[in-house]
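A, B, C, D and E are the chain letters, set down in written order, and residue numbers restart from 1 in every chain.
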């Protein structure tokens, strides 16, 4: 799973009917201290995350192992909000 | 899912029979403001997208979770046309 | 799907029995004008492609959605020969 | 599978119920001598690994081929602790 | 599939029980002339490959389409030993 920060959201009226009611957020990967890097991507929100939250996103067929996303054309979901990150036995992030 | 812009199209007469009737478009990833970057790729169009549209594409087995693409050798589909992108609570793209 | 050019071929006498009779070609990604870039990879040929052809390859579990490759240890197939590529409404490649 | 070092851990109270009881560690890829490189990622721990252990992680649907992770939104697991690495017939790492 | 060279091996006593008896080798991608590049990764050996052999590795769910790896937490296998590589109609590698 990737460590990512929620940086935005997206709205689409024309979309595959199977994902008509899902909330799609824009995420950007971060290092374990929460600093963003790399390119943004979008993921379906499963945990009611908000802008600036640090989250875990899972990708590929893993993204369809939930009631909301089963059998839908979805390849990324937000599956946890991070409270606490520890690196080399030191706390580097606390929500 | 990736945020991408439709930049072109492709025609093939010799192709796997399962994808004989599908429309294959050329996409290129963009940042959330719509600026393209990276290498182009192709995806099956599910939402009747046109050149220059900003879209969401999903990849891998996710691409076969639709009636049109079920059990076909397809690894990317265009599953939404983007109307509106919001970044850090500011609208950065409106169709 | 990736846009790629056929650049070579490979022969293996010791291989998994399930792929004993398949033809494995070496591909290299191209931009939409047909210029190669990036590293080469191999794919099972489904459409009788030849050296220098511009093709579409699909990857991952998509590669096993055909009669020839079903249930085999294969992660890439050539599923179309490209006749025609259009970019920004201009024809950039014609076979 | 990737060769990785355990560099930290993460705690989330809000997460998908299917992964409520799993231990999620932060990993970073290493070369075969154990030197870390690249960006960190998270994986479910199957083998009771500890900080600084050198491990193997597997990715994608492979990560759900275990009793603990079956049908869960998980795309990476730690599936082995490495005791011994040999490169060009020389031992380059011993636990 | 990737063209790779076998560069080493790994031993783990603590590993997921499903992969307890498999042989895990360290591979590194090569260009079609056999020159290694990029980062090393590990794969389950299906074809009794040895150090320095040039092989094909397949990735993702493809890696579980064999009797040895079915339903196991494995995302890469060595599925062929390469005898012969031809590039632009010239033989560039012969075992």
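As a convention for this text, a contact is a pair of C-beta atoms (placed from the backbone, for glycine too) under 8 Å apart; a residue touches a chain by one contact, two chains touch by 3 or more.
What you see is a predicted model; the values in this text were computed from it and never measured.
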| item | value |
| --- | --- |
| Between chain A and chain D, the fewest steps along chains that touch one another | 1 |
| Whole-Å separation of chain centres (CA-atom averages), chain A against chain B | 20 |
| Rounded Å distance, chain B centre to chain D centre (Cα mean) | 32 |
| Two or more partner chains touched - positions in chain B | 60-61, 63 |
| Chain order, ring traversed from chain D with chain E following | D, E, C, B, A |
| Complex contact set, residues of chain B against chain C | 7-16, 18-19, 24, 26, 39-43, 51, 60-61, 63-64, 71-76 |
| Partner chain D, residues of chain A touching it in the complex | 1-3, 29, 31-32, 37-38, 46-48, 56, 58-63, 65-66, 77, 79-89, 92 |
